[in-house]
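A, B, C and D are the chain letters, set down in written order, and residue numbers restart from 1 in every chain.
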Amino acid sequence: MNIRYIFFAILLLALGAGLFFLPDPKADYETQAENILSELKDQTRFVSTDEVAERIINQDPSLFLIDVRMVDYYEEFSLPGAANIPLEEILNPDWVDYLEQDGVDLVFYSNGDIYAEQAWMLAKRMGYKNLYVMKGGLNHWFETIIQPKRPAATASSTEFDLYEFRKGARQYFSGGSLNIEDVEAESLTFTRKKKETVIEGGC
Amino acid sequence: MKDTNLKTNRLSIAVLIFVSLLVIGFITMSKPEFEYKLTLEQSLEQILSLEDEMNPDELMEIIDSETKGYKVVDIRNPYEFVKGNIQGSKNIPYQNLFAKENIEFFDQMKKDSVTVVLCGYDQLEANGSWMLLQQLGYSNVKVLQGGYGYYSGETFDMFSESEIPQYFVEEPKYSFVEIMDKLTSGSIIEDEKVEYESIIPTRKKKETVIEGGC
Amino acid sequence: MGPLISQDIIASEWNHVIALLIGMVFGFFLESSGFSSSRKLAGVFYGYDFIVLKFFFSAAITVAVGLIYFEYMGWIDLSLVFVNQFYVTALIVGGVIMGLGFIMGGFCPGTSLVGAAIGKIDAWVFTGGLFLGIFIFSEAFPLFEGIYNSENLGPVKVYESLGIPRDWFVFGLIIIALGMFYMTGIIQKRVKKVEY
Amino acid sequence: MDRSKNYFNPYFGGVMVGLLLLATFYITGRGLGASGAVKNTVVTTVHSIAPDHAKDSEYMSKFISDDKHPMNTWLVFEVLGILAGGLLSGSLAGRLKWKVEHSPKISSRRRLIFAALGGLLFGIGSQLGRGCTSGGALSGMAVLSTAGFISMISIFGTAFIAAYFFRKNWI
C-alpha cells in the first residue's frame, strides 16, 4: 500500500471533518446589517390598518397576515386569514413555508407594533422577502377600523371618505353584510407544515 | 501492475490543486464590514428578555439624579431633535447610525461601559436601530420605552383609566373579543362611543382555522 | 459569485466554447482513465477492475466537499445550482433499465462516446442503440407517461431525505468511500486476473 | 509494457473530473451530462425530417421551442468536446484502433448485439430516469440530491444483480 494513499485518505477525512467547523450555511445568506439599516431608512415596511383592511375585504391573494402574538391572544382574536407565528418561535424551521412565499406580501402584526417589527427585523436578517409591519397593530386597528371616529364637521372630504370606508370595513369585519365565518369555513385547517412535505408550485 | 498506472505523482498534483483552491478561497474570503456578534437565536432571546428596554420612569430618575454611566442617544432627525430633546442627549439620526464617527462613538461607549439609551419619538422608531446595534455586539445599548413622545408628555393620555403604563404598547388597549361580540350582536349603535371595560380576557372558544397557507 | 452563466456574468456567446472545453477535458480524463474499454468498465461487477467505483466516488466526493466549501467561501450560490428532481418511480424504474443496459452493453452514454472516439466498434453500436432507445422512448412516451410524471418529490437533498445533518452525511460518505477503496484492493487480489 | 494499456490512476482521473465538475457548477450552475445531448440530437433530427411528427409527439414537443435558450444546445457542444477529448487522449496513448472489444469466449457478433441492446435500454432508461450515469448519478450525487443517490444505487445495484447472468460476456 502506497504511503501516499494513506496520506490522501487522512487529508480527505480532515476536509470532511472541516465541514463541521464551518458555520451554518444559512449564515451566509443573512441580510447584512448595512442592508437592513437602509431598509429601515425608507419607511416602506409599514402598511396602514386601512390598507390591510382593504386588502382583506378584496380577498387579495397576495396578502398573508402573520400574527406574532402568543397563541392565547391569537385564539382569542385575530384578523381573518391570519396565521399565528409567535415571536418566540419565529426562528423555528417549521415556519419556512409561511415565510418563504414568492410574490406574497407577509404582513406582521401584534397588539402594538413593537413585536411585529422585531419579527420583521429577525425575518429580514434571515433573508426573507416582501415583509411588512402593520403600523399601530391591533390597538390601532380597533381605533381606526372597528371604532372609527367621526371626523369633525370641518374636516376635509378625504377624511370623510376614509371614515365612510372604515364604517364599511367595520360592517364587513363584524359580519354584517358578509358572513366572515362562512368565508373562513372554506379555509384549510391549521397545520404546521414540515419542510419535507413541500409540494412544488403549491402556492 | 499491468494495466492501470498506480503511480501517485499525478494524483498528488490533483490533490494539491484542490487543496490550494480551498486555501486561496479562505484567504480571499471577504468579511462583511459589520459582523453580527449575536446569532439569530441569541438576538431573539435578547429581545424577549426585555432586559435591554428602559422604562421612562427609570430614565427620569437617572437624569434627575444625574447618575453617571448613562448616555441618551436620540435617533430622530436633527429638526425634530432641535424642537425638543431629553436633557443631555446626543443626536445621531438613525440614517447615519453606521457612519464611521458614530460607530467609533458606540465603540467608545462600550469600552467605557456607559449604558446608551436609544430614543426615538416612540419606541418603534428606535427599535430597528437598537436591534441592529445589539446584534452587532453593542450589548450596552438599551431602548427607551415610549420614546421621546411619552417622556416629554406629548403622547401621554392623562384621561386614560387603564392601569397598564401607556408605554407598554404591546398590551391590548381594549378587550378585542368583547368589542367584536358587541359589534356582531349589533349592540353598538353607530358612532356611539364605546365604553372600554377593564381588560379581563374572556376566553372565547374559537375554531382556529386559518385561511391561506397552501 | 457563481454560477456565472445563470447570473449572466459570462456573455452567452461564450457558452458553446465553454461547453466544448469542458467536454474536452471530461472526455480526455474519461478516456485516459480507461473508460473507453467496456471490459474494464464491466470489471467492477466481477471484481477484476474497480476503476468505475474509484473514479466515480473520488469525483463525487471531491465535488460534494468542494461545493460546500465554495458555498462557505461565497464563490457559489448553491440555491442557483440545479438539483435533480426526485421522481421516485421513474428514477428507480429508469435506473433498473439503465443497470440492465449497463451490464449488457458495457457502456454508459458518456463512456460510449469516448469509446467511439478511439474507434471501438462496440461503442459505436452502443451509441446507435442509444439513439434508437431515445427515439423509441419518445415515440412510446404515452406508454411511459404515467411512470415518468408520478411521485415528484421535488429537488430534495439526500441528507434531508435521511433526516441527518449535511456535514455528518458528507463525512459518512467519505468514510464509506474510503472503506470501499480499501476493500477493492483486497477483492482485486482474490479475484482471478482477467486479461483484456 | 504495452503503452496503450498505460491508463491514468483512476483516483487521479476522479479528482480531476471532480475539479472539472466543480468548475462546471461554478460556471453553468449544473453538472455534466451525456444522454441529454443525444436526446437533443434525436429530437432535432426528427424535427428536421418530419417536423409535424415531432410536434405531435408529446415527449419530443416538450423540447422543441422557438426561443434559443443557451442550455438547449449546451450539452450537444459538451458532447462534441467529449468526443474530441477522447480522441486526443486516445491518440496520445496510442489507443486509436478500429476494433470490437469482447471476451474471448464470445463472438464479435454477439458482443455487438448485446452492445446494441444495452444502448437501447440505456436510451430508454436515461429518459425515464431523467439523466444517465454522468448527468443523473454523478452530477446528482455531487450536489447531494436524493435523486442522484437513488439513481446511482438503482443503476449499479441492478447491474450487480444481473452481472451473474451476463458473466460469459465479460470474464
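Assume a contact is a pair of C-beta atoms (placed from the backbone, for glycine too) under 8 Å apart; a residue touches a chain by one contact, two chains touch by 3 or more.
Note that the coordinates shown come from a computational prediction; the quantities given were computed from them, not determined experimentally.
Core chain by CA centroid proximity to the global CA centroid: A. More C-beta pairs in contact connect the chains of C-D than those of the other pair, out of A-B and C-D.
Rounded to a whole number, the gap between the C-alpha centres of chain A and chain D is 47 angstrom.
Mean C-alpha position of chain A lies 17 Å from that of chain B. Averaged C-alpha coordinates give centres for chain C and chain D that are 8 Å from one another. Once the centre of each chain is set as its mean CA position, chain B and chain D turn out to be 56 Å apart.
Looking at chain D, one finds that residues 7-12, 15-16, 18-19 touch two or more other chains. Counting partners per residue, chain A has 5, 8, 15, 199 as the residues that reach two or more other chains. Touching two or more other chains at once are residues 3-4, 6, 8, 11, 15, 18, 21-22 of chain B. Viewed as a network of touching protein chains, the structure does not reduce to a path, ring, star or complete graph. Listed by label, the pairs of touching chains are A-B, A-C, B-C, B-D, C-D. Across the complex, chain D meets chain C through its residues 7-32, 34-35, 38-39, 41-43, 46, 57-60, 70, 73-91, 93, 95-103, 111-112, 114-134, 136-163, 166-167, 169-171. Against chain B, the residues of chain C that register as touching in their complex are 34, 40, 49, 51, 62, 66, 69-70, 73-75.
In the complex of the two chains, the chain A residues touching chain B come out as 2, 4-5, 8, 11, 15, 30, 32-34, 36-37, 40-41, 64, 72-77, 80-84, 87-88, 90-91, 97-98, 110-115, 117-118, 121-122, 125-126, 137-139, 142-143, 146-147, 150, 167, 170, 173-175, 183-191, 193, 199, 202-203.
Chain B meets chain C in the complex at residues 3-4, 18, 21-22, 25-26, 28-30. Chain contact summary for the complex, chain C toward chain A: residues 61, 65, 68-69, 71-72, 74, 78, 152, 154, 156, 160-161, 166-167, 170-171, 174-175, 178, 181, 185.
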